[in-house]
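Here subunit A shows up in two complexes: once beside subunit B, once beside subunit C.
Showing the complex of A and B:
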């Protein structure tokens, strides 16, 4: 195996190794911000890995995130932590499989509407169940998991997601997915199976979101359906991935980092106008950066750079 | 040999193709001539499984029945289509577009050999492998589309209006490459409006009018025929 093929994997592992020291170096304010940012990075990358190539805009991120969080709320004190994560993962995958089988044959616009409706439906169903069956809205999450541990778990998950994304991009499935985004009937003509490829990717992406929700849940101590299934999250994830752009792996990471900082500033200075400003940011991105920052940057780099003639003078003879 | 019998296609209540029959032998170039809307593209799409045909139609390739198969199984059986308007994946490179033709298991193992065949027919593509397909000229894109179809190792190659949008010069350059494909034992079926140039490289031709095949003859006879002169050659 030669080094060029391993380089992106090693770069990801090295960056994760360095970032792992963060909790030892910063105070709790920065750690909280870092945890939020990592969570958004995971969600935006998982979203971008599915929606980038397939061009299906999913507004169901919060469904899977909320399923993960609720799994912790229900089972957190019953099962050991690794098993809780496993249940969250499997529940998320099962739900994604059902949703995917039902919807991935739909054309793009219907998919958007369906996923948005789905997040409302799941929230209402959980609310109904809690009110009528368990007769208690909201649950307490008392788990002895420190902020540092949450940070490291998120960092580990993000690392896995990025390694998986690189491997996917190089695989036949990754190639198939790039083709499908272009022209599905022609892709099918050449023997690719768009529906199966899309379904596999949707399930994987949703499983990651469920895990992120489960890891984040202990930070809340109190969870009710309105918190766990807050539709704003789905929009935030879309905005982050679009701001960063999905043509590069680091696009959603950059988008999540910038937006986390922006959310922090907006949330602490203009809490009343948060949603309004978020909408404005969305409009600006769609109008000015249709391919995101990474797309814009690649575009600028692809343009031949002006020759500034600062090269070493040639010694001609 | 490709054999089509009693092939009809309906778009709703409109009969776009009625009871069509034709044959293409291996190594033979056959052209289907007809005006806009005569049913040429419908014929070729129905044969390659991209539009459903009415019950009763029969399509066979070397005794294998194709008329009930989905489009990718038809490709796998050895019938490849170069669609009208090329339908390349414009954000992918030439190499990636070509490799798509070798996606099916049957053709994957032979991909390197297939690529050499494509280069022997279109030497230009060898230098352009890393170019993004969308940035090429129309003629070059058509070469990539034909190359992609050849990567599926077809027995029969279907070309839907390959000269569409190309200058006369590029068209003749493209058409000159087609006998090289036929020499490899591949049967070529072209549907075209460009009567002169396509008849010049073909052995036989069919005439199609209002969804019906109304005539069949050798290319030389068709070039001389007063009916063809009048209808398609403008004089």
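Showing the complex of A and C:
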């Protein structure tokens, strides 16, 4: 564990600095694509940061994303924007804390089912509230937030997430998490507290997703539970992280980028056969790239992992 | 390593090539590019495939028959670019961005449904495109027409769809077919909630008592318990979605639920409803409606059948088509494809359409039927009562025929 060099931090900041000029160089179609890609990158990285080391497959990404979006729908016209984001962040964290306390002692397979059920439950609860209390289903989000601003906010969030991920990887907590992911009973013997570490990570990852939802919400004008809590998103995030591979920090980024390009090509050239082709692509990914692209590339390069690595030191089981 | 990188570059290059392929077409005839993204897949596909797509196809077919769209002195051929929004707001946003910035369409046609139209509204507005839709229904329509000056919310507010139902109930009460008591159920989703809310207000204002008023979740298919609870009701309204509209009607027939006046929601005016229930649906009240004595309406129905192979629904279809006709005439008068100029002409002029002479000064369609009665497989428009050509309510509804 080389924890002293500043190189990865500087590399992330430099890349973000360069990308920040994107809105000045491209038209709004490419900006839209870039916004979608950044959003997926944030979600896939946040997902990978929790699910990579802990090996808990969460299908609740959309719960937190949707909570963020709904915060904007409810408070967007009432509070100043930074406060709205803060509330979205806190709501996401609170929800994650509750869910995490209830579930992170469950074994992985039950956790998957729980998180999937959670997204449907939250959607039905919001629906119930809107039907019976507010008596109006959809909410309108009329905020004058430009595409450019949304892009920069997402880029800023992604930068923070990546910097945080590097710092986490180098910290004692990061090390503890890798030990826990490798062998939980052994970690307990070492005196580590798996549940608390997992909980912390789950809350952080969920808070990031809630923020992403809040930043994206002004793009849609109208939000209802079916739009905000669309379960497809949870699956897309998992597929992207798996395509990229979670053994490297850049794995989910790569996965999100490639899937966004793929969505775009399929959507614009084969609109009628989109779902069919997408299904085929997923099958190919699972068959040919079980460890994701980053795992495959590392294998091909067969050289020692660079210090950015999130690869677990060992996982013989 | 090298091969991988090269392959990746090649893949990326082909992406660029693919996405710019649409731009390099021959420019001789300078076709008018018409683009739209509607839901070909997902939960919205049924509605889009009934009300929106066939009428877009019909309009394009008619334009081609005339030799193109008349812009200024020449008829220009039309080129259609269509995408699927997959019933997803973010996809709709992306597809419309693509139509505006990559395909650079001259005319954008609106997607199906309220949520999709609201999602793409800001993009239409930013590009000054005309957004004209028959399937966007919201109580904020009057406000939205101001916010987006080139938008036309042809179907108006949710309240305007509930009030005629109450009007018809009132008429049935005056004729002595029902008393002061009415029963109502509604689907717990955008449209159902908005309509039920407006109906509650209108029922109260008309001096009715709601003896039963329940919502049910989207996707409910079993209505036998509800109908058993209100089995002696004389007046019944369900603000429902197509699948529930079918299930409610079916359940009513099976259980012999026979109110003197019965209204069912979205779907009642769709051809699939008639195909399923045939003559047994006679006398039911539902949304929309047509003036079946009007020659233009009959000619439209015949033409729609001939070109698309389907019967149009009795609600949004004709409104969609009339809107397209108004836009086409406005383009001819303006003589260019400047969308703002066309929109201004649409707001100030009068247009000869399948719905007769119409004016879109309010950016909504002023006189269309929002409640009607099923007769011979079509919905005869009854309300609002002041729409020209409104038919007379036939009440009480006869009991369901024996099955």
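Convention: the second predicted complex is superposed on the first by the 289 of 317 C-alpha atoms of A that agree within 3 Å, B and C clash if a C-alpha of one lies under 4 Å from a C-alpha of the other, contacts with A are read in each partner's own complex, and residues count from 1 in each chain.
As a working rule, a residue touches a chain if its C-beta (ideal position, glycine included) is under 8 Å from a C-beta of that chain, and two chains touch if they have at least 3 such contacts.
Please read these numbers as outputs of a predicted model, since none were measured by experiment.
Novice: Using the touch definition from the top, say if A:178 reaches subunit B (first), subunit C (second), both or neither.
Specialist: first
Novice: I want to verify the contact counts: of subunit B and subunit C, which reaches more residues of subunit A?
Specialist: After superposition, C is the partner touching more of subunit A.
Novice: With the two structures laid over each other on chain A, which partner does A:156 touch: subunit B (first), subunit C (second), both, or neither?
Specialist: So A:156 meets neither subunit B nor subunit C here.
Novice: Tell me the contact category for A:219 with respect to subunit B and subunit C: first, second, both or neither.
Specialist: second
Novice: Touching A:279 in the superposition: subunit B (first), subunit C (second), both, neither?
Specialist: Neither partner.
Novice: Taking the superposition on A as described, I'd like to know which of subunit B and subunit C A:192 touches: first, second, both or neither.
Specialist: first
Novice: Tell me which partner A:17 touches in the superposition: subunit B (first), subunit C (second), both or neither.
Specialist: neither
Novice: Identify the partner contact of A:137: answer first if only subunit B is touched, second if only subunit C is, both if each is, neither if none is.
Specialist: After superposition on chain A, A:137 lies in contact with subunit C alone.
Novice: Across the two complexes, find the residues of subunit A that touch subunit B and also touch subunit C.
Specialist: On subunit A, the subunit B and subunit C contacts do not overlap at all.
Novice: What does subunit A use to touch subunit C in their complex?
Specialist: Subunit A residues touching subunit C: 27-30, 32-33, 36, 124, 127-128, 130-132, 135-138, 140, 142, 216, 219-222, 224, 226-227, 230, 232, 261, 264-265, 267-269, 271-272, 274-275, 297, 300-301.
Novice: Quick one: in the complex, what on subunit B touches subunit A?
Specialist: Within the complex, subunit B touches subunit A at residues 48, 50, 71-72, 75-76, 81, 83, 87, 89-92, 96, 99-101, 103-104, 148, 152.
Novice: With touch defined as at the start, can you tell me which subunit A residues reach subunit B in the complex?
Specialist: 175-176, 178-179, 182-183, 185-192
Novice: Which residues of subunit C touch subunit A in the complex?
Specialist: Its residues touching subunit A are 1, 4, 15, 18-19, 40-41, 43, 82-84, 86, 88-91, 93-95, 97-98, 100-102, 114-115, 118-119, 121-122, 138, 140, 147, 188-190, 193-194, 197, 215, 217.
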